[in-house]
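Structures follow.
In the two assemblies presented below, chain A is common to both, partnered first by chain B and then by chain C.
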Partner chain A sequence: MTKLIGMTPSRRSLLKGMAAGATALALPGFVQAQSSAPIKLGFQLHRTGIGAAYGRWYERTTQAALKVLSDQGGINGRPVEVVFEDDGTDPKRGAEVVEKLASQAGCDAIFGPLFSHVVIGSAPRAGELKVPYLVCSEGYHVASGKLNRWTLQPGITDVRAQVSSMAPWVTQNLGKKVTMVFPDYAFGHDHRDYFTAAIEAQGGEVIKHIAIPPTETSFTRYMPQIPKETEVLYHVMVGPAVLTFVKELGEFYGTGDRPEIFGFIDSLEAVDIASPGLEFLEGTHFWEGHCRAKQTDASEHETFYRAAVGVDDNGASISDSKDVATYAHMFSTWETLFVLKAGMEAAGYQGIADRQKLVEAIEAMTAMPESQAHPQGAKIFNGKTHQVFGHQNISKVEGGKLMRVHQTTVEESMYESDVDYTTMSF
Partner chain B sequence: MDFGPYLLLALMEGTVMAAVLALTAVGLSLVFGVMRVVNVAHGEFLMLGAVLAWFVTHYVPGPPVVGFAVALVVCPLIVGGIAALSDTLILKRLNYDPEATIVATIGLSYIFQQAALSFYGPDARPVEAPFNLRIQFPWFGYSGYKIAVVLAAIVILLAIWLLMTRTRAGLIMRATQLDRDTARAFGINVDRVYAAVFALGAGLAAIAAVLIVPIQQAHYLMGHDPLLLSFIVVIIGGLGSLRGTLLAAVVIGLSDGVISVFFSPTLAKILATLLVAMVLVFRPQGLFGAKP
Partner chain C sequence: MTRALALHIAVLAALFAAQYLLPPYHHTNIARIMVLAVFAMGYNIAFGYTGLLSLGHALFFAAGLYTTGLGIELWGLSAAPALALGLIAGGAIAAATGVLALRTGGVSFMIVTLMFAQAGYLTILYFGQYTRGDEGFVITRAARSIGPIDLSADTPRYLTALALFSVALLINLALTKSRLGRAMIGMRENEERSRMLGYNPFRIKLIALVISGLYAGAAGAAYSVLFGYVGASFAAIQYSILPLLYVLLGGAGTTLGPFLGALLMFYLIDISSGYTTAHLFVVGAALLVLVLFAPKGILGWVRDKGAKWLP
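Let's turn to the complex of A and B:
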């Protein structure tokens, strides 16, 4: 009984408590103080798992972009902090990482994931938590209207735009009978659906689809499925086994006749094109989002970006020539960070209460001219589909180096769509 | 492609798979046969072998063939050493209780995987093949190295067979397998035999790993598939029966090759798993296993 009496608050402690409560209620003063606190951005990183090669370079690119951004005075004059969190390239973990970055780390916005299955698995959680989620994933899932108002892709073009803008060049220069080899999941299916349609629109035909499970480690067994009459072999592969895939392709064709080969650089990202066994790639063509080897007409922004990230003229790390970059894709994280900056400054972003304003400010963006913030080239953002459009490069392997032979215009990659995220509720 | 060359390619792919699988599964089968331990960490021993092979070939100077030869000797020894250590430090202390050892080896597999992730990193790294020879058939090209893998596997398996049947060490192992208490009564140091067998099993997985890294690259998650397939092979062949394991490896390897090439690799896995289920239902001791 005495214990209970001891627990009863005295009049003095009650008054103290009320005073403390009143101080806490005087929030405006607190918010004022907070506006000079750093802006916290979460980066959902594929540090481990099948996307690790990308993750390593996405982290470096983002660090470099962050340094440039901080030297410019941050966002709205506030310092910026990026919190990196590994998702193991796993959709389930991805959703947890979104939750952790938003709720635990208190990030203002989240960006960075590439692999489409991870994005599709994580985006719904970002929508539920109402946190801006800027993906760098290429998949058509953003522009298709499948995701939500909080998910945007302002840093890289999507597969549908990429393949449909390049299909005319492929049919005119390489051949009309195409066999496609692609990974058997969302990203690969986008390739299958939209490249097939684009080739047919050009009067060509995809005569065979070869879908390969993304965890496959041995590929020779799939190669006999490539029909003899194939004129163009189209390949796109991801994951740790990409080098094996390309090597086995080389072994399979050997010195015999082979079709023209058009690949997505994804099949060779982070892989040295001069690796033994890849000699057969000489004369084949690749899509590149951003040219790995420094081209003769490289812009000053591209030169600046390459130096800032620490990539040499061949596309490898300055400190280790064997550490080849995921150059064709990683510009997306750099550009996304600068889109966040532009969006936050346009929205007069103060704190997490302004997250909705940030999304609306990005939706209002249109032209993104080539600049230090957009070193890959000029782009046009469509606020309705939440998707950006830009140039695509086709490169040819010449003397063991990828040299650009064609670049599409931004307009060629744009397509009609009736998706309108801006009519959806937050 | 015509049917003939198509089948030839399928059979060659299947043979390579069978060879690597036989090496891995024999290690697993040996450990179960002698020690009655279901080694769930077996796939990770393979992964460790591959990762170590990358380190060795990366740091040994000279042409690729030198580094590869060193790796082929050093990696199984290191992996075997790690296995012997795990046996004396952990499995022995559990008195080889079947349930406890399963849980312990699951734990070990996580430790090895995370250690590889921490010290080696998440990337898949290539190991250069000791030689670059491409055999050009009229219809398709094929890697000469893959054929060398098959030959090497046959040689190593023959050596294991000789070891088990023709040497004193083999006799001691077979004696321990037959009856551990009687073996001990005859003065055999069973603890040492167990450590050696566990090391040998892991070493075989490591040899298989060194042989396949030039084809597949070393990656910290690569142990999973070989473990699954080894279990399939060992269950079909009969746990503890080397002859059964070899035969099952050839059957599974070849059928996987042929079915993958003509239909799809997924179907090959489905059929292999179905076969396991059938064997467990109708002949639980496996095709060549002794009745308990």
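Let's turn to the complex of A and C:
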């Protein structure tokens, strides 16, 4: 066998090399180079699939938040990158995207998904990979305790909080006999269960539940099921058939008498209220997480946020008035990014070895005052349930615009829970 | 040892070795692809070998997925018996579907199986109290183990997926060499001639569909335990179309085609999404090219070009 002379390192040169390596590690300059590397955050984006309308605006909102955050000096003085990856609004692909962002892109944390099935399908993998997973889903699945220590929802309130806090206003101002129309799956069932309980607690009554199968494309046959004695019609629908549902509701009632109508803006996110066929919505009420139309008492933070994202006073893109924003929900991605910043800075975050410290730092958060980081309003985070609580807005359609008529307090949306993620192991 | 058997063993050996060579991201991907390839292999047994163009296989996959998932979460079963029940559920639902759907053929069979799958999907949503409907549910990590083996950990998950894939592949290979396998191909090529030769087409097609359902059920059951999520989206139409695409891409009527198709489809989406937001356009274009220039799929094309021994 031929020996390659000079190719085998001597023991002395090996020791020299090791010493040089150890010295380099100890040099402050090297440490500086390490700590000034960008922080990478993964964004699980609904770019395609049923959530695409939301995804388009979630990406824009996050880009705007990233620019603001970068102008402020990044996180811990380090630049920040956001890696967007499409999950197709599909839970299987969602889990793969979590894997890709964490293992391949080397992201420090992941955030952004809205649709419940994607969150629930992806959370197990985030837990296995031990990567902080901050969702913007408004589902009750986080606070219910069925996910894991690594999954948190600090940027938007959940359905249970939303419907429970608004029920008193509904019974006091619109009526006590309620008929609910909702999609016949888990999201709709959360509305059914928690709103019904909240209405009954106020001395009201849900006289009819009308569950719409998710495969329906026309809803006319459900309209006659609405009892005549209904005082308030509560509706919440999601997906592509939303517009059809609302139009058919208008055709059913025409110009005749109708009950008070209270809906979730989810039914009309990214849809212009002034669309033909929606005229009958004049005078009806909607829940909004964040008011689409700029209100007369808008705070400086809300004004700043609206301008930064590029949304006009009516809630549409400043470059295309027909491109209506998903304004009621998309603030969650902005606020979540700033929660990550606050958490990383509190934890002294250096790298992925500090991921656990980041989760613990977010769990330790409580009050989140209204600010540029929280333009939707003040919030209180519950570290045990990993869920944030905040204001809810009830708006009325007046002159084709959604104008806020009531805002709940943060405390009204809070509820008791036995869930305590902090007792779970990492 | 025949060339075919040697090739299959080499593929399995390469997959075994891959776990030591692959970076973590691809490690998990290959585990997932092997499970989905078992699903596609089952589809190939019905479609590629027997000529049954089904649009209802999501139902069989979901039967395994939900039986195992609900077995663990609702009935408190441990993972091993729950997995066995999932396998059986896939076969049983395929048998029940086949008894009715096989009274039809061709396009009608496709429509009837699609309707069965849609009914299954709506049933899952209807019983949302137990299934959590579209949201689905998570299988707790503690329940995802067999004895001391934690199937949520990377290495055991990979090895379990590989074991399932190996058994499925070798049974598939044996099936193609068996009398039953040849009879299945006979159904695909000329059902009337097979009947004239004394075969009972209904019986053979039902057996093929049940075997296909067992594969799909096993894949669904394994998916729930290995990846910890059970959801209605797996029962939707797209999960009936996906195994068809895997099989068409890899090569219908070839034993390794389903794996190759699942592998290529996964990485086609994964890699193209890194370059363009229009990655679904890339996938569509690739499928068009395939249909135009290699309608028998990649391994079908290889077989036509000289590798006649490829099973």
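One rule holds in what follows: the second predicted complex is superposed on the first by the 391 of 426 C-alpha atoms of A that agree within 3 Å, B and C clash if a C-alpha of one lies under 4 Å from a C-alpha of the other, contacts with A are read in each partner's own complex, and residues count from 1 in each chain.
Criterion: a residue touches a chain if its C-beta (ideal position, glycine included) is under 8 Å from a C-beta of that chain, and two chains touch if they have at least 3 such contacts.
These numbers were taken from a predicted model, which means no experiment stands behind them.
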If we overlay the two complexes on their shared chain A, which of chain B and chain C does A:Ser218 touch? Say first, second, both or neither. first
Touched partner set for A:Thr48, first chain B, second chain C, both or neither: both
First, second, both or neither for A:Phe304, with chain B first and chain C second: neither
Partner chain in contact with A:Ser103 - chain B first, chain C second, else both or neither: second
Show me the chain A residues, by the header's touch rule, that chain B contacts in one structure and chain C contacts in the other. 47-48, 213, 215
State the interface residues of chain B toward chain A in the complex, per the touch definition above. 1, 5-6, 9-10, 13, 17, 117, 121-124, 126, 128-129, 132, 134, 136, 138-143, 215-217, 219, 221-222, 225, 257, 260-261, 265-266
Any idea which chain A residues touch chain B in the complex? 47-50, 52-53, 55-56, 213, 215-218, 220-224, 228, 240-241, 243-244, 248, 251-256, 270, 275-277
Interface residues, chain A side, partner chain C - complex: 47-48, 85-86, 90-93, 95-96, 99-100, 103-104, 116-117, 120-121, 123-125, 127-128, 139, 141, 146-148, 184-187, 189, 213-215
Residues of chain C that touch chain A when the two form their complex: 23-25, 28-29, 32, 118, 122, 125-126, 128, 132-139, 141, 152-153, 227-229, 231-234, 269-270, 273, 277, 279-280
